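Worksheet: the structure to be examined is printed underneath.
Labels run A, B and C following the written order; every chain starts at residue 1.
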Amino acid sequence: MENYSPLLALSIFFIVVALLYVLFRPTKGWFWIIRKAFESSEKVIIEDVLKQLYHFETSNNRVDMKTLVQILDFKNTDIVEAVKKMTINDLIYSESDVLKLTEEGRDYALRIVRVHRLWERYLADKTGIHKKEWHDRAESMEHRLSHDEADELAAHLGHPKFDPHGDPIPTKTGKMASVHGVELPLLPVGSVGKITHIEDEPEVIYKQILAEHIYMGSLLKVIENNSTRIVFESEGEEFKLAPIVAANLTVALIEKEVVIEDNIARLSSLKEDETAKIIGISKENRGESRRRLLDLGFVKGSNVSIDLLNPLGDPNAYLIKGTSIALRKDQASKILIKKD
Amino acid sequence: MKDNNIDNIIELSNELRWQIGDEFHDNLTESIYADAADIVKDSVTTQDGEKRFRLDSKIDKIVTSKIWGFPIMFLILGTVLWLTIVGANYPSSLLASLLLDTVHPLLQSGANSVNMPWWLAGFLIDGVYLAVAWVIAVMLPPMAIFFPMFTLLEDFGYLPRVAFNLDSLFNKSGAHGKQALTMSMGFGCNAAGVVATRIIDSPRERLIAIITNNFSLCNGRWPTQILIATIFIGAVVPESLSSLASLLAVISVAVLGMAFMFGVSWALSKTVLKGEVSTFNLELPPYRPPRFWKTIYTSLIDRTLIVLWRAIVFAAPAGAVIWLISNVHVGDETIAAFLINGMDGFGFLLGLNGVILLAYIVAIPANEIVIPTILMLTVMVTGIGGGAGAGVMFELDSINATGDILRAGGWTLLTAVNLMLFSLLHNPCSTTIYTIYKETNSVKWTVVASIMPVILGFVVTFLVAQVWRLLF
Amino acid sequence: METKVKSACDTCALYNKDGLKRLGIHTDNFDFIVALAGNPNTGKSTVFNALTGLKQHTGNWPGKTVTRAEGGFEYNTEKYKLVDLPGTYSLLSTSEDEEAARDFILFGKPDVTVIVADANRLERNLNLVLQILEITDKAVLCLNLMDEAKRNKVDIDVRTLSRDLGIPVVPTSARFNRGIPELIQTISEIASGKIVCKPHRIKNVPKNIEHAVKTLTVQIEKEFPNIPNSRWIAFRLLEGDKQIINALKTGEFL
């Protein structure tokens, strides 16, 4: 106690706090970095190589060693070492510098893809993790779940067909549903389609799509399409995207025969004194939250109107099937209506 | 053989599920509602169509209006709180004079007349009985006023509107609007506030509400805040302003508690709780006139007495411990003195002292006995006159005399400020901890809810103490 | 306190007023189990209290009764144990409340299930009613808050409703004890088998799903010939409900 001074006490305190921060701050803390270094073993590298090759093959692109090293975030020598080992184990072979998957390698890659997509689906349906984090978490989980655990997970989720981005999830036996549609920039002006897939890589572009509040399963109509921008209308709102962003949206054309509901809008755009009929709930509203809304009567055909406006602007209360239910704006924007 | 068939059925169901696609649940719910609509069309006729019933929507327009919504809300909740704190004074002192000043001496003389050994009488009467009596005297009146009033508001249907009005504030910190109500309930009693979180049906937001409920100053802590503010804060300003200054100090502590509630809610929702499922929906039920007497009766039985009973169960052993540590000697000093000496250094760093820390440890079961314990220990350690003997908690009628004892124990304005802060930011009482465990069914969240506020309390009082000493 | 209004049934020949004893929480040696289900905010607890003479409190909040309350009454020398299930909007989701309610109706095998509905918001309430009717065929609809409905000018044709649903429908105002005698009489008649229900089964199911359900139902009935709710089990299997799958495996449906 003799040499106590408040200044000294404060300094010690701040040093401890700073130390804890350096060690444990999210993702960049030393503790996490060191832990990650331990995890990125040879297995991880091999699996990532397989996955990359698989993705390149399905998009009909070719990969050689050079591109592979550029894409993957590991030490070059480690990758070369891993590729050597994989060739010996008959997972891959090279054909005039182009790396290719063997039958066995493709099976293995599919299994990794299966776990990745299942886990994204799990995060979307059963947890509250924000969609920005799904991809990264699935990236590390795909190396950890065993085959049996993946099957159990699939059963737990009710054997889903698609992941939350619209990518098909391979079954145990490698069966996969097909995704219909083409990249949005390829659609001519005036065409109508439904968003069937939103690519979550690269992250920068994905974040931009999220920020625009573009949802899976939304119907859209292309208004303008040129080399500088693509403009489309969806759910009563207009969206403008750069072609490079729009290319990450897959859209399935809807045939002329199908009657398209006109003036579809989002519930969040409903004004006081207006009434509307519910068309459905967007695919973006998932899991427990979606079930809740359905149970509360937000189903196709229900009449809805605004019951009470909130003094602070959010949430508003909607009158549905005789009861007043308050929903936040981000929920209301995922419920589609047709105004009367 | 049979198992085989069942496996086949399950396999078949998986195959069929694959065929009919992911929209089964949606389709089924839609079918059920379509059936419901058909049936209703057959048998129900209404004159108003689907309109909400008129009186309800009139009330709603007023209580959620931009101009009147918030004033009405503050008026109602403020009145409830004010009535509780002010209204409880009289019955509390009545109970105190009955249980502490009349029955306690009677018991003591009764024990003397049957020649009960001093240690048994001390243990039972000065320890166990006194703690229980104290908890009843301080806790029962405010709860008996607060809970029925709150329950009447609840039965009428007003409370969901409060949640509706305030939701966007809570939404910003990742919480649910209904937390406004569990928080208000916490001003009465944290354990009751934790039970009240059942109204929040989203797992993440419910956990947030449970863990942060302790930041609502419960009525076991209001008297401490008021007493210390009156003695120390009121004394720094001219006498004409002293009651205003102490009132402001207490309100600031309560408001600081709310600030911590929002801040910690936000931090929790962004870190440890971000994986929990989060949903939102808030039904605004129709107003129903409450059945006055029935509500009062049931809220007394269901809420007040149950919470009181739990508090008594925890307070009794605490009283025993308090008596024991101040009467059992190790070497030539009591356990209490030994512990106080041991914690004095740490207490000093926090701008508190060993007595206060020990009082908060033994008074985990009930915040109500913190001040009596502090007084008893202070008298014991300093050896000044007054008090009722080792291990016998007491409180003085005169605020000045209480202040004198505390000052004799080395208290300064800093000690008082930090005690008020620490009273806000420390672990929940054991009743609340037990309730948290029962509601969450998880050791992990119980530990987080118990430890996190103490750590915050240590950090805050530590920082205040150092800065204070640098400045003054 | 409200003045007690004499119910028409209080004096009628069918209802034996002296045969009723409210047993409060004393529910030993009961003859029948009665489950009480319903949406939140329908006055379910008031009905519970009116039947048992207990004074359980629940606020004007959705989802307040979380813990299961039990009580009992005796009517015509037979004892009934009443179990108050958590108030839910549905049984299809997986929240704790809904699971508790669902499990009791499914595995607790109540002799009668009383479904309390708000007469003012029947359409919304029917969501739960129709789901329960897929699980059990011994049910009665207690159409509560009739006093409010009258004030709000909502008129319900009880006979038609009863015919459409295939179960008895008893209008009540539990707050004022109106209709409770009729409810008790109906409960006893269902329990003793005097009334046999032919409950409504969900109709508006899309073709592809109906086909899948039929295929599964046939298989389930082959395995469990006496099961009353094979169709509902098929629904749950198609949803991938793990609990039901496990229950099938362990034979809890037998």
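Here is the rule we go by: a residue touches a chain if its C-beta (ideal position, glycine included) is under 8 Å from a C-beta of that chain, and two chains touch if they have at least 3 such contacts.
Values in this document were obtained by computation on a predicted structure and should not be read as measured data.
Undergrad: Draw the chains as dots and join the ones that touch; what shape do you get: line, ring, star, complete or other?
TA: Shape of the chain contacts: complete, all pairs touching.
Undergrad: Please identify the chain lying most centrally, where each chain is represented by the average of its Cα atoms.
TA: If we average C-alpha coordinates per chain, B lands closest to the whole-structure average.
Undergrad: In whole angstrom, how far does the Cα centroid of chain A sit from the Cα centroid of chain B?
TA: Roughly 41 Å separates the two chain centres.
Undergrad: Averaging only over C-alpha atoms, locate the centres of chain B and chain C and give their separation in whole Å.
TA: 37
Undergrad: For chain C, what residues touch not just one other chain but two or more?
TA: Each of 90, 92, 95, 120, 123-124, 127, 239-240 in chain C touches at least two other chains.
Undergrad: Quick check: what residues of chain A touch more than one other chain, meaning two or more?
TA: Residues 158-159, 288, 291-292, 294-297, 321-323 of chain A each touch two or more of the other chains.
Undergrad: Going by the contact rule already set, what residues in chain B reach two or more other chains?
TA: In chain B, 14, 17, 25, 29-30, 33-34, 37, 201, 283, 285 touch at least two other chains.
Undergrad: In the complex, go through chain A and note every residue touching chain B.
TA: By the definition above, chain A touches chain B via 1, 4, 6-7, 9-10, 13, 126-130, 158-162, 171, 280-281, 287-297, 299-303, 307-315, 317, 319, 321-328, 331.
Undergrad: For chain C, which residues are in contact with chain B within the complex?
TA: Chain C residues touching chain B: 1-2, 40-41, 55-57, 59-64, 66, 90, 92, 95, 120, 122-124, 126-127, 129-131, 148, 151-158, 160-161, 164-165, 175, 200, 202-206, 208-209, 212, 215-216, 219-220, 222-223, 234-235, 237-240, 245, 248-249.
Undergrad: Provide the residue numbers of chain C that touch chain A in the complex, in ascending order.
TA: 89-90, 92-95, 120-121, 123-124, 127, 239-240, 242
Undergrad: Help me check something: in the complex, which residues belonging to chain B touch chain C?
TA: 2-3, 5-6, 8-10, 12-14, 16-17, 19-20, 24-25, 27-40, 42-48, 53, 151, 154-157, 159-160, 198-199, 201, 283, 285-288, 290-291, 293-295, 297-299, 301-302
Undergrad: For chain B, which residues are in contact with chain A within the complex?
TA: 14, 17-18, 21-22, 25-26, 29-30, 33-34, 37, 50, 52, 57, 60-61, 64-66, 69-70, 164-169, 171, 177, 201, 203-204, 273-285, 345, 348-349, 462-463, 465-467, 469-470
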